[in-house]
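Have a look at these structures, which come just after this line.
In what follows, subunit A forms one complex with subunit B and a second complex with subunit C.
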Partner chain A sequence: MNNKFDALKDDDSGDHEQDQGSPKDSEKEKPEEEEKEQIIIKKKMVVPGPGEHPLQYNYTFWYSRRTPGRPASTQSYEQNIKQIGSFASVEQFWRFYSHMIRPGDLTGHSDFHLFKEGIKPMWEDDANKMGGKWIIRLRKGLASRCWENLILAMLGEQFMVGEEICGAVVSVRFQEDIISIWNKTASDQATTARIRDTLRRVLNLPPNTIMEYKTHTDSIKAWEDFHGLVNASSGR
Partner chain B sequence: MIGVLLFYALYPLVCFLSRRSPEASKKRDRTSVAVNGTAVWDGDTVTLKYAQSGATKQDQSGETKERLKEPVTKEDSPSPNMDEEPLSAGLQDRRKDAAPEMTEVESAVEGEGEGPKMDDGEKVINHDIMYRNQNEKDQSTSTGDHVSEQRALVALPKCLTVEGSMQETSCPEQNHSQTTNLEMPVISVKETLQASNTDKSKTPEEPASAVTECWDDNIVTTRDLPADGAGNSDFAPNPLHSISQTYRKPDELRGAQTGWDFPVRPGLSQEVSCSLRSFPAASYYTTVEPTVPLKVMWRVWEELDAASESVLTPFTIERASLDFTVMSYNILAQDLLELNQHLYAHCPLEVLQWNYRCSLLLSEIEKWAPDILCLQEVQENHYHEDLHPVLSQMGYTCVYQRRTGKKTDGCAICYQSTCFTEAAVSKLEFFRPETKLLDRHNVGIVLLLRPLVATGAELKEAGPPLCVANTHLLFNPRRGDVKLAQLAIMLAEIDAMIKSCKARGEHCNVVFCGDFNAIPYMPLYQLVTTGELYYQGIPTWMVSGQEDLSYKPSYHRLFAPLWPSSLGISDICQYTTENMFKTDCQNSGTRKYTHEFMLQLRLCPAACVRPQDLILIPGVTDNRPDTSEDVQHYYRFRDRLRHQVDLGSVYKHVLHGSGSPEVTTLHSEGGATVDYIFYTPKRAFSKDQRAYKKSAEKGLKLLGSLSLLSEDLLWSMNGLPNHIFPSDHLSLVAQFQLELDNA
Partner chain C sequence: MEASTRRIPLKHLKPARPLRRCVPFVEPQINAAAGEQPLMEQETTVGIDQFFKIFNLHKQKKDRICYTRDFLIGLASCPEAKKRPEYLPDHPVVLPEARDPGQQELRVTLWNGVKEDI
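And now, the complex of A and B:
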């Protein structure tokens, strides 16, 4: 197995009920998950097929959609998010991707998430809690192309920041679309700068495109400050 | 005495005539010789001796002239025919300023019937000829400063008048003589050859191969001489006289020439383009005793027409540039020769010996002095024992890659250390145990060279890098699929080199040489030169076009994908992962994939099947891959192979003038073009002149190339290898101009 996140890989939908809010809880989870992995054989980790092109990491597609009229909370966010599937090779990636609707064609208030297997697309995940994300706001019509370019670069290890990348998100909103890429260490400016530069290159962004870096702790604070007023999933 | 007379008459004539018709000299149709209207050839023995010219080069012109006349026993005055007819012989003007002569042949003619006197006559004449040669050299030396101006042309009359009867030469060849090459090294080959030639037991076909049709006239003439003493004395002096006259007044002659243009480096060059009969094995001819050396040039340097160039570049911008010469040469590994002896059954044994071939080979390399030398079929022990030591002495730095497997030969690239320095080396082995298709042991080399320019006493790197690639693709005519995969590996490596330069902001020109084992305009060639090949359904034998195997009841066809993606090379002949082969792997072990590569797999069969565990969310995961336009786009190009290296062929595969196909290789089973020098051509630049001025023009300017020969002509020389060309391939030589952008 080439996946560096083998230990975390059993992070499937069965974990939905677990509380992700506390770091301590997350740490405790690890051994449990490892045990689970050994016990639950049916949850086999994805591996590249014969002759396929293995990726450096395994990834998992997620999909989330805001349930209209429901109060936002961590719990509801977690319940709204669905795993679509995991893959280990370029070929397997295309299997999922080509059976999924392009982001630009999604309806409503919905997000696609593509994260390394074992990392949940949540601020509270161990891999994310010290991290942050680059945010690019796109006018309507650009999301499909930009999203594809972004994830191809991520899967193809074009960012060259070691294990820093956690995942990417495309958020379809009413008047605009947002794409973001998450990394582990928000304080690592060299890394975040490198990610920014690579983003500009692979997305072929005009120079005046506004790119914003936001740490997850800021996001959490903002969410807590406006708890109940701001939708939980916004900005994620 | 008659015999002596005959020789005195004969040798100069022969010298003269062989000069005029070198290419025909191997193709002699004796029966076609007409003497006074009667077909006569009774088997007089004639032979050619090949030797390196350029013994000592003292100035002996005065003396030589004296001696030249010695054999002319009765008259000095040339016959008017001889002087004028050369001019009317349809010589064409050919600008060959720097053309060194290719091969010199010292030939000797001897009347069979004059046994006892022969030795004396032979010696005398030998001297005369040698002196004459030196004389020529001296003269050319004296005009050496104006070598480029000098046009020493000697044309032979189509008809010789002897005894008032016109004898039509059987071939309408044009010919010219050049000064002998002063630079030609004296090599022991000469002695070897002489020794072998004097061996009376040598193979009978040699005489046949050594005689030109033009010689026939000559010989006929001289044989007639005894019948008419006056005619003899009148005629005999002519050749020599006219030659020396030619040298004295080249301008005059040139003025009278039309159509041809001659190489004028000190040296003798000749070209004949007459329709010739083939004599693959004239073994029934009687043996021949070699005597007098004659110099013949077989291949001429052809410069690109300057006029057509200037059309492309209406105004020239002064820039520093580097002219360099590239030679590609399959030198026929001795082990392979011995393994496939049936292919060389037509050859005299001595020309198949390695020592002999090696010295010919080295002198050929020395003669053309290529700055970059790409050799194929270089046997490992010969490389280390014979070739590399000499090449090193000649100033070359060499890179050698032996074939994998049991075959003992390989490829080598050698470059002049004073012209280039090495920036990167890639040795490629096409044998990939993990890929079933690539089970053949061929190899290639890709070098990245940087031009060196002398600034003061120092050599400094200057200008854009040059990527030089050399390979010998699989021979097997049926396995076009393997050839394409091997070619793709080469192209991918070249592409990686270009990209590494691009990353530094440099444009990289490419010279891609080798024995591709594929003939012109067939699919493999198309892929190289057009960058694109739609291969779906093509029979594998057709890829190279070496043999038409369509008669076979069943043959394989090409279907996508040509090779598994695990090879790591895409269908645009690029590496799919940057760390696949020692190129640019920063963090080894990282699986990096380019955007383009990822896209290529978008519609691979595995990607078109819906994942079993994919939950169906209407409006989210209910897409179908083959409905989008993108999908159709990718489907369309699945049966296509492309590459992004801009390549054109130096040779045009058809001979100037005659229009017959060029041949780069020949053995008993036929001849064809399979060797190439491909290069990044200079494309006519866009209308944006500003952009043009800013940066050095991309691409190499082709300045000239060494002419190839036709199959007929090679057979007239008794095929390959022979006493002039040491391999079953011909060398390919081209000169390029590389613009140095730091001007």
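And now, the complex of A and C:
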């Protein structure tokens, strides 16, 4: 019922002639809202199409880009991150993937995220808060290829660590690109070791590639320390 | 923590598999033993039902939907995979048309070329 009020208020500010409140208008408004709601519901319930190859989990593509200059707060991170879409089958994955720019063609400080549906690509999400990630730094030119291999391994359940995988990220930065894979339990060393070994195998990395495991609690701490410093120095 | 992570080789994980496979065979026996009731027939049918229930549960857990990279890549060129998704936001990273899968082949050779440099 609140929605109706809001809708009427908006009409008031826009058009005085509708002020007299003909009930038709509010009736008109309703189906539209319902339609919108239905679209949202449809978006949430992705299922494999007939004859398509189902995936073990549904996944969601996200994209984020940092607005240059402004030090980001957690809130603005959440605002900057945009959902591209969710999929439940191999065919649906390719539909999204083929309609998206390759990470190697992205410019500026931006990221693609591919997470299991329902898990936000944020440290604070319930699935992530006890977790961590393997990080691989890549020199420019390798990101598109490595990202593809990484997400194909994730979608194809090649990591064999049960429910542990949360999602994957490719981060385009100034002089390098970074790919990472997030898991639920940072303290589970058997899992993190298995993820590392699978990464080595599926990414076909040179043996001297440095792989780093970082817990999200450490990431949060580092982030807070960094922004604490930024604030202190800007307060001069 | 770093040192201990390095010390666990993948091999140590392998013995866990046969153990998990044994579980469905053990549990129904426990259930059957716990229910020492006079009606033998009933007891056995329940036991079998439970056995299959538990067995199927474990089967479901074990039967993950796995795909190899080559299989997934193979599906990329089917017409279903090139359709535009029904809901696609208007966004700078979203392309108006699907990328050409032929581009992927090109990338393989490019990347292999790069790899030799490393």
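Keep in mind that, in the parts below, the second predicted complex is superposed on the first by the 183 of 236 C-alpha atoms of A that agree within 3 Å, B and C clash if a C-alpha of one lies under 4 Å from a C-alpha of the other, contacts with A are read in each partner's own complex, and residues count from 1 in each chain.
Operating definition for what follows: a residue touches a chain if its C-beta (ideal position, glycine included) is under 8 Å from a C-beta of that chain, and two chains touch if they have at least 3 such contacts.
Just so we're clear, the structure is a prediction, and the values are computed from it rather than from any experiment.
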{"item": "Combined model on subunit A where subunit B meets subunit C, clash or fit", "value": "clash"}
{"item": "Touching partner for A:Ala222 - first (subunit B), second (subunit C), both, neither", "value": "neither"}
{"item": "Touching partner for A:Glu91 - first (subunit B), second (subunit C), both, neither", "value": "both"}
{"item": "Touched partner set for A:Leu106, first subunit B, second subunit C, both or neither", "value": "both"}
{"item": "Which superposed partner A:Leu142 touches (first subunit B, second subunit C, both, neither)", "value": "second"}
{"item": "Which superposed partner A:Asp197 touches (first subunit B, second subunit C, both, neither)", "value": "second"}
{"item": "Superposed model, subunit A: greater residue contact from subunit B or subunit C", "value": "C"}
{"item": "Touched partner set for A:Gln189, first subunit B, second subunit C, both or neither", "value": "second"}
{"item": "Clashing subunit B stretch [against subunit C; choices 525-533, 597-605 or 705-713]", "value": "597-605"}
{"item": "Footprint overlap on subunit A, where subunit B in one structure and subunit C in the other make contact", "value": "49, 52-56, 63, 82, 84-85, 90-92, 94-96, 98-102, 106, 110, 149, 152-153, 155-158, 202"}
{"item": "Contacting residues of subunit B [partner subunit A, same complex]", "value": "564-566, 576-577, 586-587, 590-595, 597-599, 601-604, 606-611, 613-615, 617, 619-625, 631"}
{"item": "Interface residues, subunit C side, partner subunit A - complex", "value": "1, 4-5, 8-10, 12-13, 64-69, 71-73, 75-76, 78, 80-85, 87-89, 91-95, 97-99, 101, 107, 111, 114-115, 118"}
{"item": "Contact footprint of subunit B on subunit A as seen in their complex", "value": "2, 49, 51-56, 63, 82, 84-85, 90-96, 98-102, 106-107, 110, 149, 152-153, 155-158, 160, 162, 202"}
{"item": "Subunit C contact footprint on subunit A (complex, rising order)", "value": "39, 42-43, 49, 52-56, 63, 82-85, 87, 90-92, 94-96, 98-102, 106, 110, 112, 141-142, 144-145, 149, 152-153, 155-158, 189-190, 192-194, 197, 202, 204, 206, 213"}
